[in-house]
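Multiple structures are listed underneath, in structure tokens.
Look for subunit A in each of the two complexes below; its partner is subunit B in the first and subunit C in the second.
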Partner chain A sequence: MSTLRRLWQTIWESYRVGLFVIAVAIVLTLLTPRFMQAENLMNVLTNASVTAIVGLGMTLAIASGNFDLSVGSIAAFAGSISMSLVPSIGIAGGVAAGLLTGAIVGLINGLIITELRVPAFIATLGMLTIVRGLTLIYTSGHDIYLYGQTGYKILSAGAMPLVLALVLAALLGFVVKYTRFGRHVLAVGSNSAAATRSGVRTSRVLWGVFAIVGTTAALSGMIISAQVLTANGRLATGLELSAIAVAVIGGTPLSGGKATMIGTLLGALLVSTINNGLNLLNVQIFFQELTTGVLLLIAVAFSIRRGYHPRALLRRQA
Partner chain B sequence: MSSSPPLLEVQGLSRRFPGVLALDHVDFDVFPGEVHALVGENGAGKSTLINMLAGVIQPSGGTIKLDGQAVRFANPSSAQHAGISVIFQEFNLLPQLSVAENIFINREPKRGPIIDWPTMYRRASDVLDMLKIEIDPRAVVQSLSVAQQQLVEIARALSFKAKVIVMDEPTAALNDREVDRLLEIVRSLADGGVGVIYVSHRLAEVLTVADRISVLRDGRHVLTAARRELDEPKIVSAMVGRELLHVACPPRTPGELRLVVRDLSVEDYVKDVSFELHGGEVLGLAGLMGSGSTDVVEALFGLRSMQAAEIKLNGEALAIDGPRSAIRSSLGYVPEDRKRSGILPDLSVKHNISMGIVERLRQVVWVNEREDQKLAEQYQSRLNIRCRSVNQYISGLSGGNQQKVVLARALAGNSQVLLLAEPTRGVDVGAKAEIYHLIDELVAQGMAVLMQTSELPELIRLANRCLVFADGKPQGELAKDDLNQERVMALATRFDVKGKAA
Partner chain C sequence: MSATTISPLSTRRSLDWDRLWERFGISVVLLGVWVLAAIFIPAFSNPDNFINILRQSAFVGIAAVGMTMAIISGSFDLSIGSTLALAAWTAVVTASATGSALIALFAAVLVGALVGCVNGWLVTVVKIPAFVATLGMLFIVRGITFIITNGAPSRYNGPEFIWWGNGSLLGIPVPFIVFLVCAAIGAAVLRYTALGRYIFALGSNAGAARVAGVPINLVTFLVFVIVGIFTGISAMLLGSRLYSAGPGLEPGFELNVIATVVLGGTRLAGGRGSMLGTLAAALLFATLGNVLNLLQIDAFVQRVAVGLVLLIALSIEGVRQRLAERLSRE
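Here is the complex of A and B:
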């Protein structure tokens, strides 16, 4: 009995979000035949992947005890720069330029936080508007189209977003669990003062973290641009909140020191599945705005209640 | 006192956590007007007992009777309303609010919907006066000293008309004078008819203030006796279940010269610090809070900006620009505040130990988990770290074992010099003895130890000589034969005329 209960508890704690996804999928299958169609499922996965990619970077930032509010702006900036350069330097060059843009802006975030000692919240909030402004200046407020460069669609076509999300999750999951950098990130997020005293150079760790978040934001931004072959200064507004939400829904605690990349993937999948369901059921689009927020609140309420439970102190296993 | 029935009576109280019987059929009672001390090592079950009295957790078996009535507390506020107030070690004060607001939080006197400030301040000062505490009820809590905050907690407990007040390690952060003051207040609370349950590691205090003393060990009740029947050795042996071996500092045999520091100054405050440290010895750094002894240790580990005419390790000049370079130069450090700057609470014991030297465990790009595990297990057995596995979260360990993990981390870099700041703060007697023993062993094997401590018995137990600081300067060095509490205090209280008395 107690073994069964413990087994259930382990499954519940580790795969909670996954179970939710399955439950929602079952309900939707019963409610509408359109849900299980291959094309629709692909749609769900693609949407989930776009949020998941930036969410994975955000998970790393949250694990380090910070978060990055500028990812939406970085996505738009990187998308615009990338697209505008494709005609002159080709698709591979354009994509590389976009990723580099994201990494550089992210690094600047990190430098502002560690060198100017501005809290991450304020630093990235400032960068949110600065980078958004830069994007509008760069595009002169116009759309950037890619006429005839449909090759750029390679980023968004077919299973590419899903593959990118899975590869990135595996990569970051590996980094967190098995590399020195990953351990240092968790140490900084768990107790920055103790990390410093253990020999962790916290500033460098944060530069790395924010550069990675910037890069993932850029990748998400370019996929979104590729979907419509258009980039502009209004691209990906609000992406920062979705990114934080899917990480937290997936089970990464905002208090830092822990990260679950698989959780973030599932969190993104849950949000995307529910939104898709509301769509199929012809629920007014305005209601979809609600879902992410409601899920986020539920997830946080859950994790807080768990965190304060005395039993949490007895949890085993790292 | 003995004629009246007990205020609070606990019978056969048990509490099971998954895999552990944290409390095993414990009987305990407290009479009105009595101070009943509860002692035991960390993990003995004290906190579990207190948490059940406070309604934080529920018993798995047994009864709690208050005034002869069996009670069950579903949550902390029901315990509080029944008349049991618990003052936890971690304060529950809201630092940005005033003293009066903290005392009456959630019960603010109101006129209609509006808080009646004059009444609140008046009632707060009534409570404070009753305790003869001179604190302005309008003062903001974060501007108060730790001792004063403690008193605010007591005032709040009292304002609930508590019949039973439980104090968990109330003196952990207080200096000697503040401790005396607190003990007076505890006494006067009891004289007013309250039953006080006093939990502390400091046996001297317990023997001063308590009427009766109970000892818990491994979740079981082992002893209850009146104070006059007990002394420190008796209590300690009941707590640890064995006699503690040698209390005197073992002979130290200083070996080759390890560390030379000449004319060190730290951040315009600490000046003129020079000393030599040999392998196989413990140099103590003593001094009151703010004397500069802590700053020296932190500076040598690269945590403060410092200047020195010379710092040499094994004859070679040492340039330290941060903890990382200190670790690479084979200095190991145990910070003074384990919780704030020692442990990485969300990480495993293993990762806590290897954090400073992960790169040495590297294999291509990833960390060699097997090496990591081996290293951790090696230290687990060497330092006798008690945990289910080195993969367990460090936050689940007792304070003493957490401290051993921090010590393991300091050793893991193949350190040649250990910089210890308050090496046993907040650690129970048993773990303390073990840590002393470990330090003895390390020193016997040739380790050089620089130890800052504010506990004089610890200083005398471990150090074979000592630099005493006051006002940012070393006031003198005491050799082992001169190392006693009086001599240290005489130097530590030697202030310049401008006098920054504590």
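Here is the complex of A and C:
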């Protein structure tokens, strides 16, 4: 009996979100035949991947004990820069420029936090406004279209977003688990002062973390703009909150020091599956925000029962 | 042991500097900006223009009064942007049904307080950290607003109702008077009541506060209700100012409010902060927007400027700390 219970407990703790996804998928299959159609499933996966990619970066930031509120603005900025450069330097060049933009803005975030000692919450909040403004200035408030450059669609076509999300999850999962940098990220996230005393160069770790978050945000932004071959200053508004939401739903505790990349993938999949189901069942589109909120609260209520202390976050924001 | 060689006198002096900057720094900056703007931009000192600044500062400012208390207590509330939209819509609909501005105000405050109760319940009973609880509520309340409004704003322009957002008393805009009253009440609660002292105690050290007998759950709960109430007041004034309100109202409002509170010198870590700073910071942001408008700088550059001001203001302390550390090492 106790072995069974322990087995169930292990399954529950590691695959909780996955079980939810399966349960929701079964219910939807029973409710509407359209859910299981290949095209629809692809849709679910693509939508999940776009949030997951930036969510994976955010997971790393949360594991290091920080947030990045500027990812939505970075996504718009990188998308716009990348698209505007494609006609002159080609698709590969444009994508590289977008990723580089994300990494640079992320690095600036890191520098503001470590060198000017501004708390991450405020530093990235300031950058949210600044980078959004820069994007609007850069695009003069207009849309950037890519006429005839359908090659750019490679970023969003077919299984590409899914492949990118999976590769990124594997990569970041490996980094966190098996590299020195990854262990340092977790150390800084569990106890920044102790990590510093043990010789971890906290500043460099944070530069790396925020550069990675910026890069993932840029990638998400470019996929979103590739889907419609348009970029503008309003792209990806509010992405920061969705990214934090999927990471938390996936089981990464806000108290830092822990990260689950698979959890984040599943969290994004859960949100996207439920939203898709609501769509298919002709529920008003407005219910989608409601579900994200409810899911977030339920997920965290569960993780609290596993003994994570709710006050930890407050203490860390100094 | 070498650290003890710093004389007590010098540490106290540098501490006073800290305190002074924290308490009055932003007010001094505000006065400086006003003087410079008056000298270099002729249109700035025009009374109409100045009155406009006062009015604009109130909408974010009133919500920031509640948020100041929340941040001092070590929590914060991300849901207020959504609450603002729901409460403003409620105010407009109530005003158009009853014709009474006071009932509309009451309805908006009630909505705010209700959302605050749910937030407080989530944080103190379900034990979800404030950041996630109020982030979830941001989505939920916005969803509810979209559902009950069906995505469309409501309008009402009865003269009694729109006076609250657009009128003046003795030449001073009504929203600004309300803002001053709210800030005074907030400051009085923080300084002269047990609740205020509990809020500071909770924010400085939650564990110590609990051991000392502070009812931390009750205080946290009340703080969220207070944030909701002030957001409701702000929402009613905004609905009145715009003659309309709907689910699209003020995205990013919560972040503007938090930026205002923090620019005013309140520490995100809790335990320290002042209402005077919040008042000055709300005026400073309104002034900044106004000055950039007068200089005909486009709205996109304004966003960059606002973000830069926030970052510069908040990095001063860190940079000074670093300099002090370097000096003490030499």
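Following the convention adopted for this analysis, the second predicted complex is superposed on the first by the 307 of 318 C-alpha atoms of A that agree within 3 Å, B and C clash if a C-alpha of one lies under 4 Å from a C-alpha of the other, contacts with A are read in each partner's own complex, and residues count from 1 in each chain.
Keep in mind that, in the parts below, contacts are C-beta pairs under 8 Å (C-beta built on N, C-alpha and C of every residue); 3 or more make two chains touch, one makes a residue touch a chain.
Predicted model, so just to flag it, every value in this text is computed and none were measured.
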Subunit B versus subunit C as contact partner of A:37, first or second or both or neither: neither
Touched partner set for A:199, first subunit B, second subunit C, both or neither: first
Which superposed partner A:150 touches (first subunit B, second subunit C, both, neither): neither
Comparing the two partners subunit B and subunit C, which touches a greater set of residues in subunit A: C
Contacts of A:29 with subunit B and subunit C, given as first, second, both or neither: neither
Touching partner for A:254 - first (subunit B), second (subunit C), both, neither: second
Where subunit A meets both subunit C and subunit B, residue numbers: 310-311, 313-315, 317-318
Interface residues, subunit A side, partner subunit C - complex: 69, 112, 116-119, 121-123, 125-130, 132-134, 136-137, 141, 233, 237-238, 241, 244-245, 248, 254, 284, 286-294, 296-297, 300-301, 304, 310-315, 317-318
Residues of subunit A that touch subunit B when the two form their complex: 6, 174, 178-180, 183-184, 186-187, 189-191, 193-201, 255-258, 310-311, 313-318
Subunit A-facing residues of subunit B, complex: 17-20, 51, 56-57, 301, 303, 322-324, 326-328, 333, 335, 340-348, 350-352, 355-359, 362, 365-367, 369, 388-389, 391-393, 395-396, 409, 413
For the subunit C and subunit A complex, residues of the former touching the latter: 74-75, 78, 122-123, 126-133, 135-144, 146-147, 151, 206, 251, 255, 258-259, 262, 267-270, 298-308, 310-311, 314-315, 317-319, 321-322
